[in-house]
Every structure is written in C-alpha cells, then in structure tokens.
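The following block contains the structure, expressed as structure tokens.
Chain IDs A, B, C and D follow the sequence of writing; residue 1 opens each chain.
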Amino acid sequence: MVAAIQTVQALLDSPSFAILATGVLTGASAALLGTFLVVRGQAMLSDAISHGVVFGVAVTFLLTGNATGPLQLLGAAGAGLLTVALTEWLARSGKVKRDAATGLVFPALFAAGILLLGLFARDAHVDVHTVLLGEIGFVWLDRVQVFGLLVPRSLLVVFVAFVLNALYVALFYKELTAAAFDPVLAELQGLRPRMATGGLLALTSVTAVAALDAVGVVLFVAFAITPAVVGRLASQRLPVMLTVALIVAAAAALLGYPLAVVTDLSIGGCMALLTAAPLLVLMPLTGARRRRA
Amino acid sequence: MAGALVRPTLTTGGNLAAQTVGATVRYGKVSAIEDVSLEVPTGVMGAIVGPNGAGKSTLLKLLLGLQDDYDGHVYLLGEDVAQSRHRVAYVPQRSTVDWDFPADVLDVVLMGLYRGLGPLRRVGRAEKAQARAALEEVGMADFERRQIGQLSGGQQQRVFLARALVQQAELYLLDEPFAGVDAASEVALVRVLQRLNAEGVTVLAVHHDLNTLKKYFDWLALLNVRLVAQGPLASTLTAEALQAAYGGRLPSMAEVPPTEGLPRPSLGADATAGRN
Amino acid sequence: MPRHTAATRFPVRRRAAWLAAVVLAFSLLAAPTAARAATPRVVATVGMIGDVAAELAGECAQVSTLMGPGSDPHLYRASAGDVRLMERADLVLYGGLHLEASLARVLEGFASRTTTVAVSEAAVSPADRIAAGSVYDPHVWMDVSLWRGAAQVIANALIETVTAAGDTAGCAAQVSARYADYSALLADLHAWALEAIASVPSRQRILVTAHDAFAYFGRAYDIEVVGIQGISTETEAAVADIRRVASLMVERGVPALFVESTINPRTVNAVLEAVEQRGGHAAIGNELFADALGTQGEPEGTYVGMILHNVRAITTALGGQLPELPASLAEWQARW
Amino acid sequence: MLELLTDPTVITVSLGALMLGLTSGALGTFAVLRRQSLLGDAMSHAALPGVVIGYLVAGGRSLPFMLLGALTTGLAAALLSVALSRRRGVKSESALGVALGTGFALGVVLLSYVQRQPGAGSAGLEQFLFGQAAATLRSDLITIGVLGAAALLVVALLFRPLKLVIFDPHFARANGYRVQLYEAVSTGLLAIAIVVGLELVGVVLMSALVVAPAAAARQWTGSLTGMVWVAGGIGAGSALLGALLSAAVPGMATGPTVVLVASLVVAVSLLVAPRRGVPVDGA
C-alpha cells in the first residue's frame, strides 16, 4: 500500500506526468462537451465563453481588489454562464440568428469588463487577458495536499471537471442526444431537452474557466471543437463520434508534449495544433462535395 | 455507357426540352439516381414522381447544372446546360432560402431579371413594370412591398413563380411547387403554369401528390433511383408502373390527402433539402 | 490509436506490466531531475535578475533566463525548454510583485520543491515600494540603489545554493567577493545616473513613455514620469490619455518621448503626431529597455548596460549633459 | 466641448473610427446574412500566425509585412472553414471554430519560437492583436480610407449578384452565377476590413464591429440596400460616439467604448424597432 502511494506520488512529482495528465484530462473534458456543442451547431460558444469571462474577472476584481483566487474563478464562471444565458436568450427571441447572437454578446461583455477596469481600477496591475491564462508547462509547480498526496492543483481541478462532465454525459446521454437532434420530439417524450441543454451549457462554462485557469485559452477552444469535428468527419454516429473525439483529444495531448519538447516550442500550442492533424488525412478522404471541373 | 459517346442531339434533334443520358449521381456509396435517361419532349406539362428518396430533386438539380459530381450527360433544350441557361427558369423549393432575408416581394421578383442586367445598369421602370405584371398574374399584386418573411407558404411560392415568370423562359423547372401550399395558392399556381404550357412553354415539376397528377399534368416520369417509366401520362400512369416505382410503399389513392401535407413539418422539408 | 483500445483488452497481469512500463517511461522523461549537475543550476525569470545572477555566480553556477530579450514578462508563455529548465533548477529567482503575472502564483507554489526567491519582494521593503492601486509597481530595477539590494538578495541565495551543493571550489567566497565589486559598481552607476539626469533642465525633465514602467526611475533620479497607458502593458489607452500627454509635452516644451523595447510603438507615435498637430516639436528618443534587457551579446544585454543606455538616451534626448563615466565603468565607454 | 471637437487627435481618432465603423458595418451585413457572423472572430484570431510570419519574413516589425501576413492567414482560415463546412455534417460554426482554434494555436506556437530568438524586436507582436484605437495615426486614415473605399466600391459593383447568391444560392447557380466566387469575394472583403481594423481595435472588438451594426440594422429595415446603409451608418455613428466619449472621459479606452455603444444600439433596436417579418402560417 505504502509502495503504491509512493509510486503514485512519484508519478505526480514528475513534471512530464503532470503536464500529460492535465492535457489529457482537459482534452477529454472539452471533447466530451464539445461533441454535443458541435452537433448542436454551437461550437463557437467555447470561444465566446473564454472571452466573456473577462467581465467576471473585472467585476470580482473591483469587488474584492484581488485578481486571483477561488472567488475570482467563481466570478469568471458566472460571467461564462451569463455569456451563455444572454446568447441563448437572444437567439430564442428570434430577432437575430444564433451565430449573430453569439457574436453580439461576448464582445459586449468583454468590452464592459475592460471599461470597468479602465474607469475604476486604472492603476491596478491586473492583466485581464492573462489572469486566466494558465500555462500548462507549469502546472506541476503549484501543488495542493489531497489525501496525503501532493497533487498539482490544476490537475486536480481538471480531474474534477472531467469527472463531472463524464458523469453528466453518462447520466443524460439520452436527453442530450434527443435535445441535439430533435428538441420538439424530445419535449414530447418528456425528456426535458431544455434542462439537458442548460446543464450542458452550464458545464461548458465551468469547464472553460477551469481549463483557462489550468492550461490557457488556446488549448480549450481547440480541444472543444476540433476533435469533435474530426469525429463528425470520421463517423455519422454519435457514440463513434464521441469516441473518436476523445481519442483525438487525448492523443493530441500525449503527442503534443513530446513534439513541444523536441522543437522547444509552446506546449499548449503544440497540443492544440495537433488536434487538427487528423484533418490533413480526413479532409481529402471526405471531400465528396467538390466541384466538377 | 458507350451510347453516351454519341451526342444525342444529333439523333433526337431539338424536340427534347430536357434530356439526361445514363445519368448517375452518388452521395458517398449510395446512389441518388442511377443510370437515368430522361427524355422530356418539348411542350409537355410534365411531372417527376416517385417515393421519398427516389432522387427527384437530385434529378432536377442535375438538369439545372447544380449537381457537381455525376456521370452521364445532361442536355437542356438540345444544348449544354451552360448554353441554354438563359432559356430556362427555375423555381426552387421554398425551404432552400432564408425567408428572414431583408427583401420585399418586389425585390425577389426583380432578382429574376438580374441575369439580364449588367453590373452597372440600374433596375429601371421597365423592369419594375415587368415584375408587377408577373405579380399580377400570380395574384400577388397587392403584396409588392410586403416583407417576404411575412408571407404564407403559398404566397411565397407564388412570388417564386413570379420571379421565374419574368425570365420569360422556354422551359420551367419547379421543385415541389405545391408542397406546403394552401389550396387557393395551388389553384393560382396551376392556372399560371397551364397558361404558360398553352403558349408552348415546357413545364417540368417534381411532384408529390398522386391525386392531382392527372388533373395537372400530361406527361410523367416515374423515378425510384432508376427511371421506372416515362411518357404521356395517360399511357404511363399504370398500376404496374406505380407498383414498380413505389414498391410496397405505394399509398392507396384514397389515403393520399387531397392537397399534400398542408403545412408540412419544416423539419421534413429541411431534411429533403439538406440531402442535396 | 489501436494501441489504446488494445490496452484495455490486456489480461490483468499484462496490464500491470503495461502500467509499469508507462511509469518507467515517465520516470525516464523525468530522469534529469535525479541526476543533479555538479554546478548548481539557477533559473531567473527576467534578464535583469538573470544577468546579475550570472555576474555574481561566475563559474559557480549555471544561470539561465526564461524570458528572453524579446518577451514581455506580463505576456510570457513557456516553451517546453523552459519547463526543462525549471524542472532541473536548484534555485529559481523571480521578481515578484506581480511582475510575472499569473506565473507568480505558480512560482510561489514551487517553493515547496525547489528554493525560490522573489528578488524584488525580498530586496525592497514595503516602505520603499511604489504602490499602484492595490498592488505594488514591480519595475524595481529602474532604481539602481534598490537593485543593489536585489543583488545582495541574489548573492545570498547563490551562496546558500552553492553551499548546499557541497561547495568544494570555494564558491561561496567567490560569490561574496564578486558581490562586493558589483555592489560598488552599482553605487557608481547610481551616482552617475543621478548626475546625468540632473543635468536636464528641470522644466522639461519629463520622461514620457508608453506604459508606466519608470516610476522607480523617476523617484530615484528626480524626473517626472508620464505613462500613456496604465502600468500593465495590456491596458488600452483612451483618446483622453493621448491628448493629456500631448498637451503636457507642448506646454512644458519636452523635446522627446520614448519607445520601449517590449511595447508596440503605436501610442508613442500617436502622441508625437498629436504634439506636432498642436504646434509643438518632439522627437522619439532612443529605444528604452524597461521590461527586458536588450539583445544578448550587446551592451544593452546586461543590467549595467541597460541602465547606462537608458540614462544616456534620456539625458541626451531631453537636452542634458552626460557626465564622465566613473573609473569603474570606464570600459563601457569603449563599447559604444 | 468645442475644444474637444477641434482637437486634432480627437479628429484623427474619430475619423479613423468612423471610416472603420462604416466599412465593417456595411461589409458585416453580408457576413451576418450568410450566417457567418463569427467569421470575423475566426479570421481575427487566425491573423496571429500571419503577424508573426510577417515579422519573421521581414526580419523586423514591418507593418506592411505583418498586415499582409495577417490577411493571408486570415483568408487561409476562412478557406479552411469553407472547405470543412462543405463536408457532410459539419456545421458552419464548427468549421469556423476549427479554423479559429488551429489558427490561434499556430500563432502561439510561432510566438514561442520568435520569443526564443535573441533579438529584442519581437516584443509587442501580441499586442498587435489587442489594438490601440486611441493611437490612430494620420497614415492609418489613408490606409483605412483607401481600403475601405475600395471594398465598398466592389460591394456597390457586385451588389446584385451578392444579394442573389446570399438569398437563394440554388436559383443563382441555376442562373449561371458563380456562387463560390461571390462568396469568396464577400469573405475577402471582410478579411480586408478585419485586418485593417485589427491593429486599431483588436480581435474581440473587431468581431463586434462586424456583427453589431448589421444585427441592429436588420431590426429597422426590410431591404438589403437599406440594411447596408443603416449598418454602415450605425457602425460609423457608434464608432464616432465611442471615440468622442473616450476623448471626454479619461480611462475610457476607445475600442471597448465603441463596442459598448454599438451593443447599446443593438439592445435599443431589439427593444424598440418595429417587429420585422415573422413567417405567418396559413393565411
């Protein structure tokens, strides 16, 4: 038993393990949610949330005078939810299309956040862009004590996020699928598509904030969208799509790190870039709808 | 497909308004239409009929040159589609456009005249008069400033027909013109098409409703991926041919609603459109 | 990816073997941690710290800097090589006071693993810090007298580190000696800078830059400092800021304003244009180094060279007289 | 107030913002109607690698090279998203997301390469994407003016085909219009507007200037011509008002102020404007 704990601790102590595990778990979380976002045609919500959180950072900073900490993460997640809720509300009003609704809400919240800081915290040294810009290369530096183990804080956070997401998708798989495919029918069958969707969007913004804090914005957006699109190109069936997305995200994390080590480039960037690598193969293969002559 | 090497116009002359020779379209591994040799004579009021997924819309798109990947040959009015385009008018399915688009009824009808105007010439009085005349004919004269999003399905279809009318074509190709259309509009649409046909214009429509087939059309192509039968309606619309086209799915004539699916669930319409 | 799916189908015994293999692979990746180098490895976040550390360490430690000359510490992103450096480090020196933005929190956490020293925080007592809102301005190195304190902090940290590594070559003494020399050099530099800036006519003794990185410089050398943007490089200027700075420059007849090496020069150009539109005259002085050192291998690539360069640029552009360099710095004269 | 209006800086910034708002508002109309509202967002993120490549090619911070690079990778991202969305089952938003994520990742990777280089000149490349609207130079006015006017001229010349292609692509193709060509033109024009605006107002705010005026304009008018004019007007008006506000109140950065004004215009339009066309069934 002691030996096992020591082995685990040795693993956790290894920076490479911490980086790879954080990458894989972030990728898996994002790919899980991203698959449903992509199927629903709401992929860009991931980008919208990652910009919208700036508003939450600004507000919590003004209220607490501090830019980092658990309260600030909550504020950011709240702003993420606000982004989602406003976008949904606007899209449902029918006065603008969904894509336009997305494009209207997050810049407004972003701009409001920047202006609040500019007006009321002019001298403050708070970098709205970087407050939530985690660096996956250094996740192993910041550790917390859990059950007698020293665990990298970000790894713990994305692990919890992953468990939440996996549980949610497992429990509400039927509802999520129905809501994505035919919300009216789902409603008629008593599947509560709105609740399933609401949960999906709420989890997306919480996961986004966790991921932004742990690994940075590039990784999250790339992990949320690209693997799911690869899955969609590879298969027309949702379970297969989900599996492919998970594998692509995990593989991109596992291979991105060695690539970054060999080339001495940004780890997060390499992982994110690799999610798109399968497209190089899949796009020519699926190019069915090309112009004749 | 050796026969396809000979340009069929040489043998058939200009008597065919629309023709495909051994046309095949595949989506992935599934054939939408297979080896279809359609021959629509000039001057008919024709219908393309078949069950869901028979490839009716695909065939129409092929005729219009909207299909990128296909095998075989396509001729319209005895020429390549690119050459005969200006002699053909097309009425797409309503579900293929965004009815939220900022345009009024007159705007949409005027779009039919765009191909005649260069980039610099403005839409003038003559064009507007022409568009109004077309609207008059489809019974939409009072709606010319109405936003297209505020029209009913039947009214939208009438506007689409008016847009085709201003093109003064020799061949009219329509994709399910009566789908989701109210009875009054259907009557108005048919009247216009029959007037055109009486003047020698060829009409070819993808049609759904077997009940009205005899009433509206005089020529028929039965399609179920392959071409089952084609020819004058009276001789082509036989129980055997229908059985062959529809197989076990043949709806008994009595069961078919008089006007096919009044407001059809839009999802179904989208799904059909999305296939192409 | 067949290998992953295959792995789940392994029988239990083979699965254990597979796990062992993975652990082994990871520990191999992590192996460099185990094999400590003979000379301690020191990692500094920014060049201002790294250069002083290298200067003091000599052959006694291997000093590397994470953020190169072109990177802005506020916006730094790590490369895989940087992770390697951190992983192997025996001592990590960073500025603190939020200089490294979000990296700072991570560095604090790192303390449990490797010795980390927040140089600016340790060297400058809260009384000597300049407040910026609820936090402190991190650009402490702009005041050479304060940075002498930092050099002392660095020297102490180095001595502890070499001692811990079983100092066989008398490194602790060497570092001490080098620190004494370096400290004297900085004292001379400080005096020279004071004299140089004081030669600028007091009316136009205003230092206009893109962002507020020069507060410590201004306080130490008695020059008014005006930043167009806020203190962080990320805030955006308002039109009002451009106007405020431009009118001030015209009013006081300030002859020059300055671009920093890590800042997009747009705002500075805009102020310059605004000054001209108001009938004033100004020029853009030599590029200043604020958040990072200059290119390595050139004089500005060192801390002393950077200060010399900045002071020269400011003094000459604003119409002051450069005094003779003190004897200890004489060799720098030849390098320009 | 008068002093404010005659101040040369205020005039420069206001003029620049006005022209940018006009151009992006008018061009954004087409993007919004094509349901490509987020194209601006995707392209402006994907401009990052272009900026870095431009820097690497030029060997220094050369603005023309960086702008050209931004334009190139922005367009490449648009192309990637078009190619992807032509695959079955890939929705346009997903395609844009892939282009955005991949483009930005490439940018970050390239940045980490450049930051490792010994020279100090690479600093501030990232800030290129944050924007400094208050720092508009007179030379910028010429760039925006010329490029904006050229883009609007192209729109005027191709107005009818663009309208037809966006409204009813099937009908357009059946009439011999090259749908893809016109879609490419409309994307290309947007890319130019974005690259010009990127340096001025930054990524996020540029994507807002594309969407907000068009979305607001749609509430007020039922014709495409009207929508282009109103969107251009709203874009120009909010930009002008934002610039003036930013000049009057210290601490109000220009870019975000412009976006907030434009967002307010959208909010008011949604609440106040006459309810426009809703499909009425039956009748």
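We take it that contacts are C-beta pairs under 8 Å (C-beta built on N, C-alpha and C of every residue); 3 or more make two chains touch, one makes a residue touch a chain.
What you are looking at is a predicted structure, and each value in this text was computed from that prediction instead of being measured.
Where touching is counted per the definition, the chains common to subunit C and subunit D are A.
When you average the Cα atoms of each chain and compare centres, the chain farthest from subunit A turns out to be B. Distance between subunit A and subunit C, defined via averaged C-alpha coordinates, is recorded as 33 Å. Chain geometry summary: the mean Cα position of subunit A and that of subunit B are 46 Å apart.
With centres taken as mean Cα positions, subunit D sits 26 Å from subunit A.
Centre to centre, using the average C-alpha position, subunit B and subunit D are separated by 39 Å.
Residues of subunit C in contact with two or more other chains: 75, 77-79, 81, 234-236, 238. For subunit B, the set of residues touching two or more other chains reads 27-28, 100.
For subunit D, residues that reach two or more other chains under the stated contact definition are 35, 88, 108, 111-112, 116, 130, 218, 249, 251-253, 255-257, 276, 278.
Against subunit A, the residues of subunit D that register as touching in their complex are 32, 35-38, 40-42, 45, 83-84, 86-98, 100-102, 104-109, 111-113, 116, 130, 180, 204-205, 207-208, 210-212, 214-215, 218-219, 249, 251-253, 255-257, 259-260, 263, 266, 270, 276, 278. Residue ranges on subunit C touching subunit A, taken from their complex, read 1, 4, 23, 26-27, 29-30, 33, 74-75, 77-84, 86-87, 98, 101-103, 105-110, 112-113, 132-135, 137-138, 230-232, 234-236, 238. Chain contact summary for the complex, subunit C toward subunit D: residues 67-72, 75-79, 81, 233-244, 246, 261-267, 269-270, 273-274, 277-278, 289, 291-297. Only residues 38, 41-44, 46-47, 51, 90, 93-97, 99-100, 102-104, 106-108, 110-112, 114-115, 118-119, 122, 129, 218-219, 221-222, 224-226, 228-229, 232-233, 236, 264-266, 268-270, 272-273, 275-276, 279, 283, 286-291 of subunit A touch subunit D when the two sit together in their complex. On subunit D, the positions that touch subunit C within their shared complex are 7-10, 12-13, 108, 111-112, 114-124, 126-128, 130-138, 199, 202, 243, 246-257.
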